[in-house]
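Below, chain A partners chain B and then partners chain C, in two separate complexes.
Presenting the complex of A and B:
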C-alpha cells in the first residue's frame, strides 16, 4: 500500500441478497485517496455510490455482502483491512467516527428526534476522545461554533425539530468533524438543501478540510459541486468506475460517452435559450443477471456492435492519471483493450461453438440410445 | 438606623419573593410542566363528559326502579296506590327531569349536603346512590372489589409488559431467526386460544398436579397464598394481550432499526446494544405506552368471562350481575369508576410519553 494513500479500494464488490436473487450493485470498484485529497464519486441514482461508501465503514445492511479489499491506512492504527474486521467489533468501532466519519444526505432524518443535538454530537467525543463530561461538552460546543452555528449555548440543548435544514446539516458536519477524522465520507451532503445554503456548506467543508487536513470522499451527482470541491473525479456507472481523472481533465477532455453525456447535460450560462438541455436516453439497467457487455451499451450513441455488446471494457490508463473504460475512444491504450476484447470474444465464441457441437453430438447419442431402448421395449 | 435596616429587610423580602416568583415562572415555563398541567386540566371535562354519557345510558331502559318494585309487590299481593308510588319516586328523587337528576347524582358524588336523605342513611358526604338489588349504598358494593380489581389489573399489566417487551426486542434484533419464529408462534397461540379455554386447561392441570383447582382468589393465607392463587389468572388474562404488544413493539423496533439515524449512530462508532436501547427502543416504545389506557380498559371489561370461570372476585362479574338485575345505579357507577380509572391510565401514559418524546412535550405545551 502506498504511503501517501489513506484509503485503497481494490476490486470491491457488493452483492445484495434479495427475494428475486442476487443483485450485484457494486461490480469491482478500484480507487485510492491520498491524504488531504478530495475525490469526487459521480454517477446517477442507483449506480452503487452510497453502497461503496457504506462498505468503507462496514455499515451496510445485513442483506449486503462486500467482497474485495478496502485498506485503510492511518498513523494511529497502521494499515487495516476493513473487510476483515467484525462489523460489530470494537476495532471497527474505534475507526468509525474517530478516523473515518460520514456525513449523510438527509440531515432531517440523520438525527434521532428523541435527543438534543448536543447530546448526539457529544456522544461522539465521549466515545472516542474523553470520558470527561465537561470537557467533551466544551469540545462539542467549539466544533458547533466552528461550523457556523450561532448561539451555541442555546442550540446545544435544542432538539432536531427546532433546527432548520441548513442548520441541521451544519450540526451533522460538526458531528462528523468533532473527533478530527483523517477521512470524511460525504454522501451527497448538499442534495437536500437549497442553493445558497449549499454554497455556504461547501465553503465550510473546504475551509474545515484545510484546517484538519482531512481526506474527503465526496459523493454526488451534481457536476457543479464536483468542479468546486474535488481534486480528482471518478465517474461510476452501473456499479463500475468508467472514467477517472483529475477534475480539470474530466471537464476539458472527457473520454467516456457517459461522462460526455453527464457534462453535456449541465446547463450553461450564455447558451442558446432555444436549445433543449441534453439528456442521456434510457435508464440504468437493473444489476441482476447482466449479460456480458458494456453496461452503457443500451444507452450509448457511439457503441460498436459486435464489440461493445459482447465484451466488457476494463479501465485503461490513456494518459498519466486519466483512466477510461471504453472501446470507442481513440487512444492507444483503448485500442489495445479492443484487441484484448476481440481476442476474448473470439476465444469465447470458439469455445461456445465447440460446446454446442459437443452438446449436439450428445443429443444425437441420446436419440440413438432412445431408439435402442425403444427397440428393446 | 432603625428605618434603614427595616428598609433592607423589605428589600430582601421583595428580592426573595421575586426569586420565588421567578423560579415558579421558570418551572411553569418548562414545556413538560406546562404539558402536564394542561393534561390534568383536560382530565376534568373528560370525566364530566363520561359521567353524563353513563347517566344517560342508565336512564335509557323503560320504567324505573319504583315501577318495577310496584309490579313486584303486586305479584306478592300488595298494592301501592299511585300516590304512594309517586311519594316513593319523590323520595328517591327519580320524579325530576333527567338533567336535574344528573345534577343531583353528580352533586351527591362530589358533596352530599347534610339535609339529603342519603346523608341521613349513610352519614357520608360522598354518595353514589343506592343499589336497589343489594339494598346497600352503591359505594360499599363497589368498594368491596375495587381494590382487588385495581391490584390484579396492574399486576397483569406489568406482567404483560415485562414478558412481551423483552421478547419483542429480541425478535426484532434477531429477525427471521428461530427464536423470532418461536416467539411469534407462541404469541399467536396465546392470542388465538380463547381465555376461558386456557383457564379450564390450567385449572385442570393445577388440579392434576397439586390437587387444588385453584378457584377464586386466596385472601386468607397471607401474601404467598394470594400470589399463588394469582398465577393462573395472570397467565390466562395476561397472555392474550401479550401477543398484541409483541407484534406492535417488534414491528416498531424493526421500523426504527431501519431508520437513518440508526445508521448515523452506527457510523459514529456507537455500540450495537447502545443503538438498540438508546435510539431504537425509546422511539419504538412510544405507541405501546400510548396504548396503556386501552389495555387497562380491556383488562377491566375484557376479562369478565375468564373471571367468572376462574371465580375471581373482581368487578367484571359484579358489573354483569348488576346489569342482569337492572340495578342501574350500581351498573352505572361501576362503569363510571372504570372509566375514571381508564382516563387516569391515559393521563399517566400521556405524561410518560411526554418524558419519552420531546416532540410531544412541545406540540402539547406551548401552543
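Presenting the complex of A and C:
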C-alpha cells in the first residue's frame, strides 16, 4: 500500500441478498484516497455510492455482503484490511468513529430524538477519548463552537427537534469531527439544505479539513458542489466507476458519455436559455441478472454495436490520472481495451459455439439412447 | 380595482396568508403582488420556509388566502377573482388552473391505477363525458408526456421517480389548463431525469401555450426555465423582475447573497460568497422594520424601524429595499459565463 494513501479500495463488490435473488449493487470498484485529499464520488441514486461508503465503515445491512479489499492506513495499528475484521469486533470499533467517521445524509434522521444533542456528541468522545465526563463535555462543547453553533451552553442540552436543519447538520459534523478523524465520509451532507446554508456548511468543511488535514470522501449527485469541494472526482454508474480524474479535467475534458451527459444536463447560469438541456434517455437499470455488456449501453448515444453490448469495458488510464471505462472514446489506451474485448468476445463465442455443438451431440445421443432403452433411460 | 390589464392572464394582488395555531399567528405570506402574462414562466425562489409553496397553494385555492385577490382571465375572456367566485362558477373554471406537486412519491394514490389517476380530474370536471372518451384523452395525454400506454393499468409503485413526475404532469394537463403551478416539480429527481422533465415541461408549454408558475429553490433550474423571477424572504416578495436582470444585477441584498451561494458546475468558476449571518427568523415573531435587516450587511438605522414596501425601480423591476438605488450589488457575469458555457 502506498504510504501517501490513507485508503485503498480494490475490486469492492457488494451483493444484496433479496427475495428475488442476488442484486450486485457494487460491481468491482477501485479507488484510493491520499491524506488530506477530497475525492468526490458522483452518480445518480441507486448507483451504489452509499453502499460503497457503508462498506468502508463495515456498517452495511445484514443482507449485504461485501467482497474485495478495503485497506485503511491507520496510524495506530498500521495497515488494516477492513473487510477481514469482525463488523462487531473491538478492532473495527476503534477505527469507526475515531479514525474514519461519517456525516450522514439526512440530519433529521441521523440523530436520535430521545437524547440531547450534547449527549449524542458525547457518546463519541467518551468511547474514544476520555472516560471523564467533565472533560468529555468540554471537548464536545469546543467542537460545537468550532462548527459555528452559537450559544453552546444552551444548545448542548437541547433535543434535535429544537434545532433547524442547518444547525442539525452542523451538530452532525461536530459529532463526526470530535475525535479528529483521519478520514471523513460525507454522504450527501448538504442535499437536504438550502443553498445559503449549503454554502456555509461546505466552507466549514473545507476550513476544518485544512486544520486537521482530514481526507474526505465526498458523496453527492450535485455537480456544482463537486466543483466547489473536490480535488478529484470519480463518476459511478450502475455499481462501477466509469471515469475518474481531477476536478478540472472532468469539467473541461469529460470522456465517458455518461459523464458528458451528467455535465450537460445541468443548466449553466448564463447559458443560452432557449437551448434544450441535454438529457440522458431512460433510467438506470436494476442491477440484477445483468447481461455481459457495458452498463450504460441502453442509454448511450455513441455505443458501438457488437462491442459495447457484448463485453464490459475496464477502466484504463488515457492520460496520467485520467481513467475511463469506455470502448467508444478515441484514445490509444481505449483502443487497446477494445482489442482485448474483441478477443474476449471472439473466444467466448467460439467456446459457446463448441458448447452448443457438444450439447447438440449429447442431445442426439440421448435420443438414440431413448430409442434403445425405452422410457427407463 | 377589478379592472385587469388587457395583457395579463393572472394578477395576484396583496395576498396574505396567516396560520393560527394555539393562539400563535404565523404570517406565511405577507402582501405579495405580481402580474403574469399568458405564455410566460414565472419563477419563485427562496429558502425553505419563506412561503413560496403557501403562495402557490393560495393561488390555486388549495388554501384559502386570508386576504387579497387573484384576478384571472378565463378562457372565455371573463375576468374573475379566483378567490371569491362561488362554488358553481368555481366548478367551471377550476380546471383552468392546475398544480404539479413536489413529491412524486406521496402525491399519487397508491391504490389507484395510473389510468385512474390521470382520469380523475376529467371525472371531476367533465361529469358528462363518456367513459371511453375519458380513457381516450387520458391515454393521449400519457403518450404526450412520454409514458408507455401499455403500463397504464399498473399502480404507481411500479414507476420510478421521473416517471411518477410524468404521471403528475399528465394529471395536471389532461383537463387542458391555462396555468400550471409547479411546486418544486423537479427537486426530488436526479439531474439526468431533471433535465428530461424540464425539457418536457418546455415542449408542452410550446404546444399548449401554457403559463407556468415555477416554484423552486434551485436557482440554476429557475434561471433556465423562467422569463421572470420573484425572490421571496420570510413571506414577502423582496424582488421581482426579468431573469437576466435579476441574475446579472440584483438590487436587493438578499438576492445578492442568495445568488452568491449557488454552486456552479464549473471548477474554474470563482465568486466571492456573501455570508448571511444567523438563520431565517421565526415567522411567528418577525423582526422589526425590514425583515432582512438582522442578516443584511448594508443595514442602516432606517432599516431597523421602517418596513420597506415593494416599489418600482427606474429600470421597471420591483424591489423592497430602502437602499436599493444607492447600493451597487453584484450578480453573475452572464456574458463571461455564456462564453465559458459555449466552450
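Note that in this section the second predicted complex is superposed on the first by the 373 of 377 C-alpha atoms of A that agree within 3 Å, B and C clash if a C-alpha of one lies under 4 Å from a C-alpha of the other, contacts with A are read in each partner's own complex, and residues count from 1 in each chain.
Throughout what follows, contacts are C-beta pairs under 8 Å (C-beta built on N, C-alpha and C of every residue); 3 or more make two chains touch, one makes a residue touch a chain.
For clarity, every value in this text was computed on a predicted model and none was experimentally measured.
In this superposed model built on chain A, chain B and chain C occupy separate space and fit side by side. The superposition of the two structures on chain A yields an angle of 70 degrees at the Cα centre of chain A, opening toward chain B and chain C, reported in steps of 10. Of the two partner chains placed by superposition, only chain C is touched by A:222; chain B is not. Look at A:127: by the touch rule set out above, it reaches chain B but stays clear of chain C.
Legend: residue contacts after superposition of the two complexes on their common chain; A:324 is shown touching neither chain B nor chain C.
In the superposition on chain A, A:149 makes contact with neither chain B nor chain C. By the touch criterion stated above, A:112 is placed in contact with chain B alone, chain C being left untouched. When chain B and chain C are set side by side, the one touching more residues of chain A is C. Once the two complexes are laid over each other on the shared chain, residue contacts for A:33 go to neither chain B nor chain C.
By the touch criterion stated above, A:262 is placed in contact with chain C alone, chain B being left untouched. Looking at the shared chain after the overlay, A:194 reaches chain C, while chain B stays out of its contact range.
By the document's definition of touching, neither partner reaches A:234: not chain B, not chain C.
Once both structures are overlaid on their shared chain A, chain B and chain C have a minimum Cα-Cα separation of 7 Å. The part of chain A that touches chain B in the complex is made up of residues 54, 57, 59, 88, 93-98, 101-102, 104, 106, 109-116, 123-124, 127-128, 159, 161, 172, 175. Against chain A, the residues of chain C that register as touching in their complex are 47-48, 160-163, 190-196, 198-199, 202, 217, 219-221, 223-225, 243, 247, 257-258, 260-269, 273, 275-276, 279-280, 332-338, 340-341. Of all residues in chain B, those touching chain A in their complex are 259-261, 263-272, 278-279, 282-283, 356-359, 362. Per the touch definition, chain A reaches chain C in the complex via residues 44-45, 164-167, 194-200, 202-203, 221-228, 247-248, 250-252, 261-273, 276-281, 283.
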